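Read from first to last, the chains carry the letters A, B, C, D and E; within each, the first residue is number 1.
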Amino acid sequence: MSTFIELLVGGISVGAVYALIALGFVVIFKATEVVNFAHASLLLVGGFVIAKTHPLVGFWAALLLGVAGAAALGALIEFAVIRRANVLSHSVLAIVTIGVDLILVTELTRQIGTEVLALGDPWGSDVLQLGSVNVPATRIAALVSAAVVITAFLLAFKYTSWGVAMRATAEDSETAALMGVRRGRVSMGAWAVAGALAAVAALFMCVFPTPGLDRNVTAVAMKAFPAAILGGLDSTGGALAGGFIIGITESLVGGYQEELSFLGRGLGDVAPFLVMIIVLLIRPAGLFGTKELARV
Amino acid sequence: MSRIVTPLWWVLVAAGVVVAPFYLDGIWLQDGLFAMAAAIGAIGLNLLTGATGQLSMGHAFFLAVGAFGYVYFASAPSGDGELDGLGLPTPLAAVLAVLLAGVAGGLFSPIAGRLKGAYLGIATLALIFIGHFAMSNATPVTGGHNGRPVPPMELFGFAFTDTPEPLVIAGVPFGALERLWFLGVVLLVGAGLFARGVLRGRPGRAMNTIRDHEIAAGVMGVPVTRYRAGVFVLSSMYGGLAGVLIALVFRQTVPDYFGLILALSYLAMIIIGGLGSVAGAVIGAFFVSMLPSLFTRYSDALPLVAPTGQEGIGAAEAAQILYGLAVVVVVLFLPGGLFGLFTKARLRLARRSAPAAPVKHALTPTPETRN
Amino acid sequence: MNVHDPRPPGASGLSVRDLAVNYGPVTALRGISLDVPRGAVVTVLGGNGAGKSTLLRAVSGTLRFQRGGITSGEVTLDGVKLSGAATSAVVARGVVQVPEGRRVFARMTVEENLRAGALGARDRRSAAEARERVLELFPVLAERARQRAGLLSGGEQQMLAMGRAMMACPEVLLLDEPTLGLAPLMAARIAETVREINAQGTTVLLVEQNAAMALSLASHAYVLEVGEIALSGPAAELAASDEVRRRYLGVGGDAGDPPVRPDGAAVRRPALSRWSA
Amino acid sequence: SEKATGGGGSGAAASADGVKTGPGVTADAITIGMITDLTGPYASFGKSLTNAQQLYFEQVNQAGGICGRKLESIVRDHGYDVQKAVAAYTEIGPKSVALAHVVGSPMVNAVKQRIETDQMLTIPQAWATHLLGSKPIQVTGTTYDIDMINGVEYLVKEKGVKSGDSIGHLYFEGDYGETALNGSKFAADKLGLKLVEQKIKATDQDMTAQVAAFKKAGVKAILVSVGPRQTASLVGVALAGGMKVPFLGSNSAYSPQLLPTPAGPALLAAFEYVTAGAPMSSDLPAIKKLGEDYKAKYPGDAVDSGVSAGYTAAGIVVDALKKACEGKDLTRAGVVAAHRGQNAWGEQYGGVMDFTVFDKPASLRSYVVKPDKEALGGAVVVKEPFTADIVKDYQVPSGG
Amino acid sequence: MSDTYQPDGMTSVPRLEVRDVTVRFAGLTALDAVGFSVEPGSVHAVIGPNGAGKSTCFNVLSGVYRATSGSVRFGDAELTAMAPHRIAGLGLARTFQNIALSPHLSVRDNLMLGRHRLTRAGFVSAGLRLPSARREAARHNARVEEIAAFVGLTERLDVPVGLLPYGVQKRVELARALCMEPRLLMLDEPVAGMNGGERRDMAELITAVRESLGISILLVEHDMGMVMRLADAVTVLDFGRLIADGPPEKVQNDPEVIRAYLGATSETEEAAS
């Protein structure tokens, strides 16, 4: 039983990290209806800046720099690419972000080389004892950050005109412009925000219990895709739920690997995707996503 | 004027293709074969993503099904009982492998018929991971992580191998690559013509309308869900055929190869070449699959690219960056892809040579798939 | 009836001078000059593809979204140049357009659409007032406040588009076919609304296919044909013209009349037999 | 064309000095290929290998070359991509007499058939048993399973693990992990231990769930056959969670680059690994000299296990060539035959290898090594090479 | 137009019978027990204020929406449970209130799509270009050209639809529906966005269709002049309920219809004259 709880808690805490990444997808999807496959490179930049600057300026300042750097890169991608490709279908735009990702990840991994970079976080390998369960302090921090950030976004989308402007632009940028929305600012803002979120997510991805930032970090970002889809690509709360579901699934399937071995080895990696497929079969727009509307 | 030029052009291309194996080194033939296989796969993906507007990020899975399907059907079980196989005649095995890929696509049709856009894209991403899981667990079929050797194709007693008897034509030793070259050309031409027929015929129009206006398509009598699933199956079979050819060229299939990178490169191909057309897929496939080898081989002649083993941007990295860049540039500046550029240039040429001739309307073949 | 009767430049109001617009290689407008004095309702008539929407796009600065651009001439508001400014800057100066074809934000609710309209409003209080006025004018929007706009009927969407533009409390309202697809009663209501908005001081540039209605509202009218101004003059004068009546008013078109194409030529239609095969 | 003459084709010819030559050998040069990873996940390892081998060839050339010919190397990067590796083989294979290293067992597998057809002496930089059993392919030192058997016995003899205890094994899917698992399974069975397996993928980063599982099973020691990052996560999480057991890795589970990261202290505290090759800090004269030469030639580059591994492999190829030269047969088959004639090679590098059999590992002896911040290469010897008693009963599965 | 009009092949055009059709969306009844029938070969108009449920009715008839209850019979076939493509197969064709063409395809290809239900070529025969597929394509292409000529699109056949003006696109919509060789043609606001001249042209076209093909036409339109001129029968909806049904003259003077839809007088026209 205590193993189960430990796995559950572990899953929730990893889920928080996935949720942060998934939230980045969601923000961009809401603002531009583009699935951003370049999110991995935003993660990498955020982490890279933190890793390179913390010995010089200390962790918190480095974190700020990382957030700023990733936000700037996000804004740059929007400005240089997404904005200029406005006439194309969103599927094509998604493929463009793959191209962007390819460029950035190639260059960044070259920069990182084969090193494993430490991020200099204050939590180190501290572990909190919750009853019989051990939880790394970094994961508690991730959970708290995810909860705060996601609540903030839920509120922002609902109650500020920024949210309305963003969604209006996403749907029809020409008409949104007629409402006085500065299209560039809104979607650039969204990309910058997504970049900032990615930097925060990168932080939690690269601190204990993982050894540090290296070129393989981007692979983890893949798991945030089922998280985002499962919750519904346009749902902020869905990102959180999706993150948790993926985190817990992965943790349980990994932890009970022995017992599940009749299903084949390495199930932990496919389980998130299987869960996603099942959810999509029942709810094609994810758990909390809005159904695609159609009327003629 | 163009009535004479066009056939002439084709005759030249055909001649080039036939004499190529007599002059090109193995490595070029091999690159060419990889590109042909990629082109077949890309044509299939273009039917799905370009013409029907269904984003798929799992195309590599169907290549794997084709490749391993062929190996399984064609190989005899290994002596130590570790590897299974049916030992069927190789052409039959190839056909069955393609069908198997189609069946795999059909099994996915509850998803493929109902989802679209980003949701379908990411759902198909699951295929990559599920495929990897299956391949590394079904060891008797796939040989597990190491893959297994590919039995060479044998058509009417003619084997596509280096051995046994050295076949020498016009002083050139005809090994596996030289022989496969012609098989690849035949398969590619066949696959291309078939796809063109589909696109220009009744199914193509239905596919385009599903892409542009799903409801209208239904009301006009197109069974949308069934068509979507059908195109997915067809595109899977193209993937399967590409997989068979790749297996034959590799001579050893390895599960790792059929990963996400491969799937994404297929998307890059159809974007770079031009969405929705057969020629676009072929051009894109050659571009993406030849680029890295060109860079590697000519790295010393290229500025900014460091020769293997030296500091700086390596050939592989440069190729990665360039093809990422190509995707971006094409989308931003060449909405019809390289093929669009080509048609535009031809139009301009035609206009120049015959200024009086009425110019046909050229709408760039970029699909507007916002719905 | 004057073919050209430009008002003296520098007058207050919206003024278009020698405007030419291209979409890539296609020229959509050339040599257009027209004036909308402050407080007036001016209408632009014309067949399909004459360039009416293009004209409004040129004013509100949305041509670039359609890959078009102004090649010569300019648009000014109260003597200050508008053309070349970003759309948001044009909105900031109180010029708001109701685009052709409704263009509601289909995935957002009615309420959110109205809020989006208020993004261009200059202060919060006036937005609240505007909202009240809109809901009073189109009660159905209040009933459907939480419905997704994409699910509204065609006419309801048209009302929403109109209401949305009014949320910004515009000084100059550009209307592109506001009665398209509206029931007669509702079309009359829209006409009434335009009149009312105008009475409260809003300047209106109205593009309309329903020429009868448009001419009854406007003080001045222009007729566009293939990108150029073919006729212009006081609305009443144009309404009386036989040419306009025949081409745009749809009156006197009995079933027995030979059908007329937009270019005025009679059509000779081949017969269609039933398909047998 | 060059092609029509069969340029560099397969037929052997005798050159002016009476030495039979084939592809890769001309009157004045011998070309040796390397198919390596310079841009993929094993880039630093690939770089060290390449550097070390080029250093070796340079030294041979300075000493006059082989058979009056200079050694030339031709390097291709596959970035850990199978297709690129196959392309690389197609390109440089016809021009090379041997492959001084190929990184990655999937890559070797992909071209295995051709290596056999071509009789191309090839030194893979991977230690899976699947690579055994092929005449031209020479796996150096032990395979992962032998290391694990030696390691488990070491745990029992020196780390307090007793019969009846459980031990854990964390391993990668694929050749590497599965070869190691074969060894640990055998040893656990022989020594009365219960083995708890956890399989992961190379992309997994966070070992929390695996630690929980090991903890649940109450393991007394953990074997680690994964990548360095996963090792760091595993050891870090376990120690932080109060799990104080010894960790014993395969030689690919460790990299000195981990020491400056937050995982460093945990690794220093509880981790050791088993390897056939002497660490760079060893005081064997040959290794010491290599360290100095390497630092002189590549002052900026880190020294890791790739340096000695590459250097040793280069030595194997060069010695095979030398012996082949003595036999006046520098064809590929001649080189392979010459190579297979040696039964005690490499004393100076700390391990003796027998090349005459090729369905068994060339050596059964392993070092136990542990991380060390100060040492060259980041590791020092804990236990000199030894062979476990139970190894003699072990039937090595080979790839055939 | 009189009610006695008898098209030659009338037997093949069945009656459309809508009975008690109710459509509910979350919290909204778009159609409330609506029933009417369309006599073979007649032009039947459905009018009503915006949001009355006219398009919803079309959507039910064409299978885009599923009725919550009620039945729609076309001859012997019950339509309410059928998928859109099956309904199309019975010979019901429609145009859309908002244009729903493929902008990148040529007019010809858009029209050929209308032939989908009448043609057979599948992936295999189209891909292999079997003689049967080619013959089929040629035969139907000829018919497409005939219909294009009838609608006045001959010169535009090879132009991508997206480049055409709105009014022409509306005609392409009609032509595409005609290409389905329908037995019942449903037109949703065919003249919206057109000026007087263009409206007359379209009205004439609809008359010609009915005269030469003898098919039933169901028409939704806000242009009362046109409705009065073309329709044999008119059904009036308001808030999803049927408020009047009958010949145009009768409906036009129904006080309920005047209150809900027409307004006291058509004041705009008065003002203009």
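As a working rule, a contact is a pair of C-beta atoms (placed from the backbone, for glycine too) under 8 Å apart; a residue touches a chain by one contact, two chains touch by 3 or more.
None of the values given here were measured: they were computed from a predicted structure.
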Between chain B and chain D, the fewest touch steps amount to 1
Top of the farthest list for chain B, CA-centroid basis, is C
Taking each chain's centre as the mean of its CA atoms, the one lying farthest from the centre of chain A is chain E
Of C-E and A-D, the pair joined by more C-beta contact pairs is C-E
Between the Cα centroids of chain D and chain E the separation in whole angstrom comes to 75
Rounded to the nearest Å, the gap between Cα centres of chain B and chain E is 43
Between the Cα centroids of chain A and chain B the separation in whole angstrom comes to 32
Note: chain E sits from chain A at a C-alpha centroid distance in Å of 48
Multi-chain contacts in chain A, i.e. residues touching at least two other chains, fall at 87, 110, 222, 265-266, 269, 294-296
Residues of chain C that touch at least two other chains are 151
Listed in rising order, chain D residues that touch 2 or more other chains are 39, 173
Per the touch rule above, chain B residues touching chain A in the complex are 49, 53, 55, 110-111, 114-119, 121-123, 125-126, 129-130, 132-134, 136-137, 214-216, 260, 264, 267-268, 271, 275, 313, 317, 320-321, 323-328, 331-332, 335, 366-370
The chain E residues in contact with chain B across the complex are 62-64, 83-85, 87-89, 93-94, 96, 100-105, 109, 112-117, 119-123, 126-129, 133, 137, 158-160, 162-163, 176, 180
The answer for chain A against chain C in the complex is residues 86-87, 161, 164-165, 167-168, 171-183, 290, 293, 295
In their shared complex, chain A is touched by residues of chain D numbered 39, 41-45, 173, 196-210, 212-213, 215-216, 228-229, 232-233, 236-237, 239-242, 255, 257-258, 260-263, 266
Per the touch rule above, chain D residues touching chain B in the complex are 1-6, 9, 38-39, 47, 50, 54, 75-77, 79, 81-84, 86-88, 90-91, 94, 105-106, 109-114, 117, 130, 173-175, 178, 399-400
